[in-house]
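Structures incoming, each one as structure tokens.
In the two complexes below, subunit A is the common chain; its partner is subunit B in one and subunit C in the other.
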Partner chain A sequence: MAGRQVAIGGAGFSAHASKRSDVNMPELVHEAVEDCLKNANCDINSIDSIVFGNMPSFEGVNYPELWMTDEIGARNKPLLRVTTGGTTGGSIGIAGYYNVTAGLPGIDTVLVIGFEQQSCGDTSIGLASVAYAEVSAYTKFGWSMEKNSKFFGAGAAIGIASYQAINYIKRSGATEEDLARVVVQNRHNAAKTWWTHLKMPDLTIEEILDTPYISYPLRYGMVTPASDGACAMLFTTEEKAKDFTDVPVYVNGVSSVSNENAAMGYAGSGTGQLDPCEQIGAVESAKLAYSQAGISFPEKEIDYIEVYSPFPNQELQWLERLGLFEENTAHLRYRDGTTAPNGELPVNCSGGVNSTNAIGASGLERIAESALQIMGKASNQVPRTVHTAIGHSWGGTINLVTLMVMSDQQKRKWKGGE
Partner chain B sequence: MGKKLSAKSPATKPVVKQEMKQKPARQQATQASKKEGTMERVGIVGYCQIKPSLDLQMDRYEAAFKAVRGALDSANLKRKDLTSVISATNDYYDGRTISNCFTVEPSGSYLKDESKVEMDGAYAVLYGMMRVLSGNHKLVAVWGGSMASGFPYEVTTLLTTDPTFDRTKELLNIMTAGGFQMRAYMEKFGISAEDIANIAVKNRKNAANNEFALPESQDADITVEKVLESGVLSSPVTELMYSRPCDGMACVLLAPEKQALKITNSPVWITGVGYSQEQYYLGERDLSKSLSMENAAKMAFKTAGITNPKKEIDVAELFEHFAHEELILSNAIGISEPGSQSEIPVNPSGGAMSGNVLCATGLVRIIECAKQIKNEAKDHQISGAKRALASGQIGFCAQNNILYVLEGGEK
Partner chain C sequence: MGKLEYIKKEYERTRKTKGKWYLSSYKYKFNTTHMKFFLEMLKEKQLVGLKCRGCNTVYFPPKLVCGKCLIQPDKWVSLRETGVVATFTATYDKNPETGELTPVPVSQIRPDGADTMYPFDLNPDIKFDEVYAGMPVKLRWRDETKGDLNDIVCYDRIEDPTEKMDLYKMEE
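Moving on, here comes the complex of A and B:
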């Protein structure tokens, strides 16, 4: 039993901004769906099924895909909802792949949609609910509410990221300037991509180092924004892909490996003792996806990378864990320009999550931008030809890592499975 | 034993099943290699249910652990044999966002290819099945469930509504939607509340024979009067017509054909699946029927190569949120005439009424079908069940439906 070869037919985005108060949630998602269908030269009748996902608790709507049925074209169509927190975008991309490769009769072309309208809710409250269940326990043990609120501040994304950053800096000897350099590259790239949120073409390292700390060593100028936006992608079979695009992008490896729930060590689960920048899950995920795609030397065979890095230290850390740079050397590659759009191994030419973060869409945008680079249709297209690219995302309590390997060639060999 | 009890079920017609037995040719044809337009079959090689309760004396992690471990034990497998784990939970029901990140260790997904389907468990089985069919995975655990004792279900359904126009008025919720649906069905086909109450009576009597039913739902002596006289939830729906949410967990193991036959001599095969969604606004829908289930059934029967469900299906386990939904869904599937009960046994386990564990109810329907096919259903066994239907749903008035065709088969 082996699945069908899957190809990407197109991708579409809504415009991203801090507050898209000109549209409501269904209208925002509809923008991305329209854009995707337009880019793939087709209409909703070409779509056989839909995969949908977002971060559930951020806008306060449970099962939003039920409410926005008509805006996403899901009327009388099969629909599957997949959500895994920050990785939702990556997970729905992978679910789109599985929808096609499974070969269920009548399901060839799948529309994958991810969105977030964070201005409709409060992201920090949403993230704090990861820890809500502990609140009652902690107050029982005599914690004051003041202590609890600090705990939430540390427990949200910035808290975990600062643990990671400190560990990474200690390991690699990267400096705050190195972190700022990553941000500058991302925001400059974002300025050249039409749909992004924080477009800052003239940002300098000094300007970033001039902003206050949010949580050491991460400064205000380094952190990801909270965006409103949506992304849609079209996954289809090898045969049908030619109807949608001149250069189909083939999906050759997917993985979503979860590490232990290290940050909390809750209810006897996990040790709570892990180095948060060690990321065994990412290493295993990379191993799995690369083996499926037949990639033995990722640093040589991969031409373009989109990693999910709301915070700059994570970008450095992921590039190492995914096997693209030697341990503790990623910041040096940013110094010598390897990762710039015209460098040897361009990273995040869309500006990455550091410039735009509509959470449920972010992971899918990584896949979409990588695919567009292979197609040659990206806004900030790299000068070198991209043959193989990866789209990555992470989430949960920094424990789940998804990875998709895409190429302009069909899968060369297939390991694992039957 | 099985015969006696199947005769008790009001919907049982033994005649139909005798006809089935005389048609071995058709069954062999299904087991032959994959035909054009159908799908490769996926094996269910193990399953486990945690008995539902209104207040389960364990936390969700313990329940998830017991479900997954129980399923692995039932197939004599170990955690290392798993290649992928799919969960079905809902962040609103669990009261925390990214609820799956806390179940990594208890559900056995540590360093496994993991994902979560935030719908009914039956849809998680669909994703698990797709992973098996892809050839990437040899053994997928699909688990789901929730703890209704820990959240106000009716309030979380309010969060499913359009936040601008519906939620602010608080007039539309799962109960009122159920009321509209029952009224629409009764008026369309001219049937009475007694006819609907009969379904509740049947399911609650069936639940009395099901060892995994919610104890509060079991009532061997229930009468139509008792159902009609229980408190009104949303006219004309009464309390005993409603599948009350409760605590529980369930897990199934899926494997590709070759692998399944190595694990067990008698896997249950998923031979067909169909799913579909219809529009959100109730005013745009004909609530007396289920368009999404009609589409789902069309797809499922096409994939399984079934042309006459009334003849070819032996038993059905449907997710009915309210008693009347069993009628609407059986009508849509085509196992009954519009406005009337099904001729084949529906919900011998008691259906969702025997324990509506949100995010696991559809999964339990699949497990119940597997039990029927493997002749393991004990007191509610339908004798000679060879091919079964299981359904799952989400949304108001079953806006999104999924239907499975399951079959037995020799090695």
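Moving on, here comes the complex of A and C:
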């Protein structure tokens, strides 16, 4: 039996910045909820259920969803928190989809909320709490803490990305200039979107190449910021979606695929992965989501893409793994302008995670921006009509990839069946 | 005008209190039985990996469960002392007197015969600029092995027969 068709009714954002010192966590989240309800022309009484997510331990608050029950309008309503690290945004989007598609009596409209206020917390403690259990095993087999910190100091989020970048550059022949070009496009796009963090309309490739290396080959100018911000979305049934928006966006495929924990093996053992930019999880995720949505030729059928790319090499890598460009050619498409907002296949017109990174919200913002592009309501709207778009996210203990395929057409139904 | 706008007008900044979260107060558990034979062989200056019967993946160091097949790898195979740099990045050493930063390579090495990579030191004489993915290296043992991971002191660079071939250069 197939589930119900799910549609997106609207999306809302809070303003993002490196330090939102004017608000605390509940107030920050409330901004996004209020914006979402306003954009969908409804109030909290239309909401039947709430899905919430953020990164655990980044702000040092467990159960933030219960702290801010009133601010998110969850009083006397079902409330669910999902958290999967960097993919939290993608996972709560999928959880919202599941909630609607399941067809539970009385639950039609689900409010999905993701947030992060990184200025409140200690990101390195948050990341350490992810990796500490694995890393501590090494001390039992003879390694000193100093040696550990050398390897894993380089192996935090940016270290993982630089391993990927080294292998991507070796594979494809992309240069540092190509990486900088991706960043420039993202930051220019961010300047045209109202809620983003790093707005840099005049950034040039030379300026980026002048900044020092953070972790070879990634420079200071290329890395993602740490932002405060929140995002909220409305998932509902296809019948009710017409009350919220003129152009409902239909969710036609979702997938969440995990691969091997690619940082280190379990308890000091080896990992079964040799090339950090191989990313089989993304390939499998794309297969699954595209097959649900009936997409056979992703590079031709998809009109708009939001990928989760804190670092520029990842943007190139994901576009290839998700089947949108041929292997090792993504950097060439940035050179010829295919991925610009007025190009053939626009990518990350909101500036992407490279310009704004409120971790728990980042994945949901990818989905939200893709949906807004289909609705025609995005700040940096692409000139061509967008029929099909995807929102991707990556994270977990760097091994989880989620994908959502959205379209302005409903999924084709099976003949017979049921 | 938001419903909570009055809060922002009244307080331009939120008030703060500080708290700390000590990770060292938690207990993390892990199994060590699968490493026992591996560490014994290190003492005898031999490298061994654990092979999965389902997919023939050789795990180095050994792994308790093969994620592809969900079975316990149980066949020991010996590995060579040579290997390649699978991937690498840099950390920076700061000279305390001059404040100068020197990049130090941090590498993941795949021993020949294994299908996995592992972080090991390169010879400290190797400059960061010289390292590349795919660089062949050879293991250097500690003089008196004790049966722990420190028995592998570092990896030395060896001659690369493919260095002069333009295999990896792509035409634009």
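Note that the second predicted complex is superposed on the first by the 388 of 418 C-alpha atoms of A that agree within 3 Å, B and C clash if a C-alpha of one lies under 4 Å from a C-alpha of the other, contacts with A are read in each partner's own complex, and residues count from 1 in each chain.
The criterion applied here is as follows: a contact is a pair of C-beta atoms (placed from the backbone, for glycine too) under 8 Å apart; a residue touches a chain by one contact, two chains touch by 3 or more.
Every value quoted in this text rests on a predicted model; they were computed, and no experiment measured them.
S.K.: Just checking: does A:Y63 make contact with subunit B only, subunit C only, both, or neither of them? Give me first, second, both or neither.
M.R.: After superposition on chain A, A:Y63 lies in contact with subunit B alone.
S.K.: Counting only touches as set out at the top, which of subunit B and subunit C does A:T101 meet: first, second, both, neither?
M.R.: first
S.K.: After the superposition on A, what does A:L274 contact: first (subunit B), second (subunit C), both or neither?
M.R.: Only subunit C; A:L274 stays clear of subunit B.
S.K.: Applying the document's definition of touch, where does A:W143 land relative to subunit B and subunit C: first, second, both, or neither?
M.R.: After superposition on chain A, A:W143 lies in contact with subunit C alone.
S.K.: Name the contact category of A:K170: first (subunit B only), second (subunit C only), both, or neither.
M.R.: It touches subunit C, and subunit B stays clear.
S.K.: Check the residue A:E31 against both partner chains and state whether it touches subunit B (first), subunit C (second), both, or neither.
M.R.: Second partner only, subunit C.
S.K.: Check the contacts made with subunit A and report whether subunit B or subunit C touches more of its residues.
M.R.: In the superposed model, B touches more residues of subunit A.
S.K.: Is A:N76 in contact with subunit B, with subunit C, with both, or with neither (first, second, both, neither)?
M.R.: A:N76 sits against subunit B, while subunit C stays out of touch.
S.K.: A:M55 in the overlay: touching subunit B, subunit C, both, or neither? Say first, second, both or neither.
M.R.: first
S.K.: Considering only touches as defined above, state whether A:S162 meets subunit B (first), subunit C (second), both or neither.
M.R.: Second partner only.
S.K.: Once the complexes are superposed, what residues of subunit A are shared between the subunit B interface and the subunit C interface?
M.R.: 24, 57, 60, 129, 132-133, 260, 264, 266-270
S.K.: For subunit A, which residues count as touching subunit B in their complex?
M.R.: 1-3, 24, 53, 55-58, 60-63, 65-70, 74-86, 91, 94-95, 97-99, 101-106, 126-127, 129-133, 254-261, 264, 266-270, 280-281, 284, 288, 292, 395-397, 399-400, 414, 416-418
S.K.: Provide the residue numbers of subunit A that touch subunit C in the complex, in ascending order.
M.R.: Going by the criterion above, the answer is residues 21-24, 27, 30-31, 34, 57, 60, 122, 125, 128-129, 132-133, 136-138, 140-143, 147, 150-151, 153-155, 159, 162-163, 166-167, 170, 172-173, 213, 215-216, 260, 264-276, 328.
S.K.: Sort out for me which residues of subunit C touch subunit A in the complex.
M.R.: Residues 2-4, 7-8, 11-14, 19, 21, 23, 26, 28, 30-32, 34-35, 39, 49, 57, 59-68, 86-91, 103-104, 106, 108, 110, 114-119, 121, 128, 132-134, 146, 148-151, 168-170, 172.
S.K.: Over in the complex, which subunit B residues touch subunit A? Could you list them?
M.R.: Per the stated touch rule, the residues are 37-40, 59, 61, 90-92, 95-98, 100-102, 104-106, 109-119, 123, 126-127, 129-138, 156-157, 159-164, 256-259, 273-280, 291-292, 295-296, 299, 302-303, 394-396, 399-400.
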